[in-house]
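Presented sequentially are two complexes of chain A, the first with chain B as partner and the second with chain C.
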Partner chain A sequence: MARKAASATRWLKLLGLLLGALAAPAWSAEGAVDFDARIIRMVLPQEPPQLDSSKATDQVSTRILGHVMEALTRFDAQGRLVPGVAERWEIRADGATFWLREDARWSDGSPVLARDFVFSWRNAVDPKTASEYAFILQGIENAEAISQGEAPVDSLGVSAPEPRRLEVRFSRAIAYFDKLVAFATFYPLKEDFYRARDGRYGADAEDMLFNGPFVIERWDHGARLEMAKNPHYWDRDKIYLNRIEFPYITADTNAALNLFKDGRIILAGLDSETMENALDQRWRIERFNDGSAWYIEFNHREGRLTQNWNLRRALALSFDTYELINRVIGTPGNLPGLSLYPSYLRGAEQRLLQEIPPPEPVTDWALARSHLAAAREDLGLAEAPELVLLTGNSPTANKQAEFLQTLWKEALGLTVRIDRQIFKQRLAKMTSGDFDLVAAGWGPDYLDPLTFGDLFASWNLNNRGRYANAELDACVRTAQNSVDAAVRVDAFGCIQRILLEDHAIIPTYERGQIYVIHPAVKGTIRRQTSPDPDLSRAWLEQP
Partner chain B sequence: MSTYEPTAADFAPLDAQSAAPVLVRPSLSYWADARARLGRNPRAMGSLFLLLALGLFTTLGPVLWTVDPSAQNLDRISEPPNLGADALLIDRGQRWAGVVVSGWPAAPDPAWLAQADRPELPAPEALRTVATPHTWSVRLRWDPVANAAGYQIYRNRYEPKALNELGLPLGDSWSGAETSYEDALALEPGVYWYSVTATDGERESRQFQTLRVEVARALPLETARKAGLLADGQGQPGDQITLPAHPLGTDYLGRDMLSRLMHGARTSLFIGLLAPLLYVLFGTTYGAIAGFFGGRIDALLMRLADFVVALPFLLFMILFRVASGVEAGESGITAILVAMILLLWPATARLVRGQILQIREEGYVQAARLLGAPQRYLIFRHMIPNTLGVILVTLTFAIPTAIFTEAFLSFIGMGVAPPTPSWGSMCFEGLKSMLNSPHELFFPALMISLTVLAFNLLGDGLRDALDARMRARE
Partner chain C sequence: MGRYALKRLLQGLITIWFIATATFAAMHAVPGDPLSNEKATTEAIRKNLEARYGLDRPVFPDQYLIFLGNMAKGDFGLSFTQQNRRVNDIIGDAFPVSAQLGVLAITFAAIGGVLLGAFTALKRNRWPDVTVMLAVILGISVPSFVFAALGQLALVNINEALGFTFLPVAGWGDISQMIMPALVLGLSTLAFLTRLMRSSMLEVLTADYIRTARAKGVSEAGIFWRHALRNASLPVITVLGPAIAAITTGGFVVELVFAIPGLGRAFVEAVQQLDYTLIMGTTVFYGSFLVFMVIIVDLLYGLIDPRVRLS
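And now, the complex of A and B:
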């Protein structure tokens, strides 16, 4: 009996220890902001696969890289292009020149020189690197040939005639090259450091060199990532924060919201469900346009019913984008899908869509029915055809697909089958053309309308419906090759007109997102391209 | 050898032998006894009636409640249970072009903007509604603010007292001269508080102007005609109309929950009853054969059962779906049924086999066998009644499992294809909006729970009633 009691006490002690161990981190847990030490804490949706800028493709990697690296140019809080490593630059029809600033340094104290960019860009197009973003350098002389292995890597049209002068030669004019170089693939890489790491560059904090406002100080894979202010950064006086820490890595938005509620992180996204909760908590809700444009893409391959213009027009005429954003999606910030181009893109002088206003979308069921009748006559169909709508598996995608299914049943008597797939499978089906309609979206790589404008060029591999139109192709070529802003805007207008008149796609909406942020954190930048959210120039204000 | 010759005295009646009354009751057959004992079990009878009611709900329900389960009504999304409401008839007409103050500058004066210590912009004055605010549109306008580059519009359900209570950021206007906004975002009847702030393009002002707006429920004429609420040519904008009732509310696309529950029951009960019945029947036969014959047949049959147990259910489910040519977006109900029957029988087979092996060696079976009872008699008289308890327990566990399996498969897109409802898929859809509109999850979950509970209780009662061994205890 006594022995039994003794062992029970031992177990209790052990249990106590265990509970203590579990509870201890909770007591010492860090808050979302530390005013004295100038620290903010956030959640990362996932672990970055690796942080080699020439190979980075995902949003998390480019978001981290955006804080620790600096390109030749960058975008400020208002979305204006401002100097980065380059002090000034010049874009010509046949090339570009960048003059680098004297005080730009790597985190080891050595200067950032033009040859670091030359090495980085060559590395990105090198077929041995196998970068998925090699295509973004297309337009620089020989880039295409090198990535296909038909030319030596050092024949890339980029050179460093002086330590701080970078010369770029184009194979076609790239009017937006100054905006393009802000993209992650164009960050510099220091050759000797990169080579010394022997393929491990970007795999760990110590296997990287930084030239941005922050450096990665600690990276516990799968658990934690911490950034500290870079003492060698040239513009360090403008950087207020000492540290940005990511103590949590989770993609669960509910978990993130709970962390926000507990005061552990400064920012959390909201959806239609958690939105009401945030209102009740009296949190200030913020909104931003995440940059992506969403549309229904038709399959234009031979033998598909959706090749028929009357059928496409019937489907487009029965759809109402306002109904979708206001009554189906139901979160603020989404804008009506009027065009392929999102509203924030800039044209020659003002917003692109002010210069080439898209027609107000028409919803007319009676007209839609007459086009469906014409389509059935064209196609020789006795009954209304059955179509397959390929869609993603997220709740929002599902809601929209069911809305469209019922809409087309009601308006046109069409039977639409919903093919719900996970992202990879959906992409595979889109590539192989196994669909009639697909709900697709596109986010910009760089802030020029061309990132959307060339989507439906016959040669673009992202043109999953294989839409081919010689006139549109010609306009895309014009937009690609011209440096004249007005000519390009005209070309973008031509692309928009053809896509809408020919009903190659049905624009559905422009996505907006809502989020909550700690009231003391100021200067957070949300933008359409990476890095988003950008906190490199954020500051704290005691309430 | 002598023979006995009967005499007349042998045929004379006997005298009464005892004064005690003879106690005789009609022979009670096995089934009659079971029925009587079931009848005395109130829980089991209650469950039985509940299940009968459920049967009526699915079969007779849709005849009486003729609402289309897949008819969307985006006007009435996620409504709690209600008995109809009055709505204002409206003419949707053209979209509102908005108000642009002519001659007013779109952007602030650059010289003003260049001041580092420029004052904060004042809140826009005279915030007011244009036309009657209703659930299809709330039109707001206000007076322009000097040096504004645009305005931000917010909406809340309660009156904002501070900046953090402005509520949902609805949208913005991109010009100082654009002084209007039309809100149509998921409006519900009731009171809203709209707030407007001005921004100079770089900084948003902290001064805000608030307006209380009472939003009336509205219905466009064309929608009312399409839904059959109005005859053609009848009704005018401004008239009141009574909307149909939704006794159990609506879901996230405004579909009637009651009707969806009725139709969803068909899928759920079809799978939930048919699959277990079929595979329990098969498993019982299989296990009985193995147990009864024993020896080599038993070994062979049970190894096959072991093999089937080792097959991963989900993987085979997907394979069946592909092999049976079910395409994406088509209902995979038959594939689920076949897969469940083919893969889930071994558990029953094992249980029944064990039971039969045990009963085979019981004294009364041996006795019957010695008396020359045929195998048929042994099986139907002794084996089956004695294993019924086990079989029924398996069945009562199998039915809820089957309902849940269907629910799960519908969720991952391998079950029913939208818009066909099933309780499981309704639960998973309801889960997403559990906090805001709990009725979307509650009702299908309640139906599943009630069904499962009823089957369990009924199974319990049946087991007690059918257990031959329980007879002796009375």
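And now, the complex of A and C:
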């Protein structure tokens, strides 16, 4: 018995030793912030598919790229356009000139020159690259023809007459070109380095060259990504942080909140479920509008019931955006859906929606019913029709779809069938037109109302309901081609009026996001276009 | 023995071919494709993308035959979602992670299951038995995402109460980060093994040789450790093979919650993104793994238990 007890103690000791070894404080150093070393740590919702700026399309890639690359121009903390690699620039009706700064450097120490932009932009429109964002260069001379394979790549209207002067020729005026070039597709690429990678550029940290405030030092796929301050960056004195690390990659918002609570990460996004948890902790909840507009898109294809204006009007008149944002979605920060344009967009002098105020939406069930009756007469329907509402599979999408289903049943006696699909399948059905209504949203690519305004032009491939209206098309052309701010605002007003009067869409809401952030981290920038969140200029203050 | 092994191997290969073909057909029957994205692309760009991935050819027979040919060579091609990376490399990176986690989970499940099962059999119908069996029913019926979330929350609260990091909440890299996910991952297997072990133990305890041992005056502890436990654990060993395969491949939720870069996550994300090549690679890999685990267990049977003749 005594021998047994002794052996038991031995085992316990061994176990204790083992646990002690496990509990070695190797990991306890990995807190959300390190004040002395100037490090912050965050979670990434997913692995970036790859980091070649000419092919990047998703938010995670553009967010990372926004910290390690710099475009000709960039937006500061207040959302103002400021010089990036370009010291100054000039936008004309027929083209633009950018003068590059002397001290802009690549992370290998070599200078960033105008030819790096020429190569990058040619590469993006080259059909061999097959960049999904090639369309964003449209308006530069020959861009469209090149991406269709109808003109040689070097005929693109961009050249480097001097090492630090970039000349751009337009095929149509691009009033917002200085804002457009802040986008990821316009980042420079160094030709010899890019070509030496033989198609693997952006696949791994060592397959990239950086010209932004940070460089990627480590990238373990699916597990971890670490950025370190770029010693060659021209504005390095303004960069406070030495490192930004992403030790966790998960899309689970609950896990992110747990990591935040445990002091591992500085920022966690919240949804309606995790918000309760955050409120219990008495944390300060921050919010901002992420720039996306959400709406119900109708199928305007031949033979669809939703081609009927009376039916669309009946559906629109029974909908109430305030009920949706306050009672259904339930998280703070969402704004009512009044227009296709989100409220932060700027017009000629003030906010766009102040210059072209959209009408206050009307909810009138009696009027809606009379329009439904008219629709049934138009269409010769004996009974109320059944409609298919295509929607995504997120919790918010589910809640919204069920709300609409109940609403239209009560208000109009309509049967709405919900077709819930995961992302790719929903896209496929949208593209093939297999729906009556679809819950859709759009986020801005650049900070000009046109990124929303041209969505329902008859030629736009993203117009998946195939809405076609000659008057609207004409207004889109005006907004595209004019450099006169007042003329463009009028054109945007025309687009808004037609969409709302014709009920081409029902605006539902403007999305707000809520999150919690570590109190010591200052200078985080949230913005509507990538990179968001932007921590490149953040600093730490001991509480 | 040799002929039997060969026969089983051939059957296994046919099974894998069948799995591959069925997955290939199902995958292409789903609406949508890996190249469609938020922003619609022009015809020319789409054609180039299709050509790059070989989607410009007819699905059957061209794409199917090319796939089979490459599969025979063990090459699954380039991933669509993790562009520039080979499916083989993704599996090569992610599988060891899942395997490490799985081995830890199965160790925990096997040891815990055998001991708990034996213990409850000894205390049959008394309160420890009832309590443990209730917990077992919970363990089997509650889905793993609940346990994963609860386990993580428990760590947050423990760390907060202690004032230092007892165990990390998530992440991957050192062994401290494996413990909680392994516990959660092994939980349902542990519950299942407990039940199996309990019934097996009950059977053994009434066997003649136990009565003989008792009559000979062997101590209760001796009977338990030397005679009962050893014999009763045989059925547990039997189910361990498939359990290992299931555990090392079925950790999607646990991998998501604990931010672990494993293969389960890669697989589910591939399906959501319709990443054709990664779906095929992971399915065939998982399928083969499962098939060969079962074959190995069957062959081991013959070695462990001489009554089973493999011919």
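What we mean here is this: the second predicted complex is superposed on the first by the 514 of 543 C-alpha atoms of A that agree within 3 Å, B and C clash if a C-alpha of one lies under 4 Å from a C-alpha of the other, contacts with A are read in each partner's own complex, and residues count from 1 in each chain.
One rule holds in what follows: a residue touches a chain if its C-beta (ideal position, glycine included) is under 8 Å from a C-beta of that chain, and two chains touch if they have at least 3 such contacts.
Fair warning: this is a prediction, and the values are worked out from it, not measured in the lab.
For the combined arrangement obtained by superposing on chain A, do chain B and chain C clash, or do they fit?
Here chain B and chain C can both sit on chain A without a clash.
After the superposition on A, what does A:254 contact: first (chain B), second (chain C), both or neither?
second
Under the stated touch criterion, which partner chain does A:462 make contact with: chain B (first), chain C (second), both, or neither?
second
Should A:406 be classified as contacting the first partner (chain B), the second (chain C), both, or neither?
In the superposition, A:406 touches chain B alone.
For the three-chain arrangement built by superposition, which of chain B and chain C touches the greater number of chain A residues?
If we count touched residues of chain A for both partners, the winner is C.
Centred on chain A, what angle do chain B and chain C make, from Cα centres, as a multiple of 10°?
50
A:135 in the overlay: touching chain B, chain C, both, or neither? Say first, second, both or neither.
So A:135 only meets chain C here.
Which partner does A:80 contact after superposing on A: first (chain B), second (chain C), both, neither?
In the superposition, A:80 touches no partner, neither chain B nor chain C.
Could you grab the smallest C-alpha gap between chain B and chain C in the overlay, to the nearest Å?
8
For chain A, which residues count as touching chain C in their complex?
22-23, 25-28, 30, 43, 46-47, 49-50, 52, 55, 57, 127-128, 130-135, 147-149, 199-200, 202-203, 220-224, 247-252, 254-255, 258-259, 261-262, 264, 422-425, 427-429, 431-432, 434, 461-462, 464
Once bound in the complex, which stretches of chain C touch chain A?
Per the touch definition, chain C meets chain A at residues 30-34, 36-45, 48-49, 52, 81-85, 90, 93-94, 149, 152-153, 155-156, 159-160, 164-166, 168-177, 179, 256-259, 261, 265-266, 269, 272-274.
Provide the residue numbers of chain B that touch chain A in the complex, in ascending order.
Going through chain B, the ones touching chain A are 70-72, 74-75, 77, 95, 156-157, 163-171, 174, 184-186, 201-202, 226, 252-253, 327-330, 413, 417-419, 432-433, 435-436.
What residues on chain A touch chain B, complex-wise?
Within the complex, chain A contacts chain B at residues 78, 272-273, 275-277, 279, 282-287, 322-323, 325-328, 330, 332-333, 351, 360, 388-390, 393, 395, 398-399, 401-403, 405-407, 410, 417-421, 514, 519.
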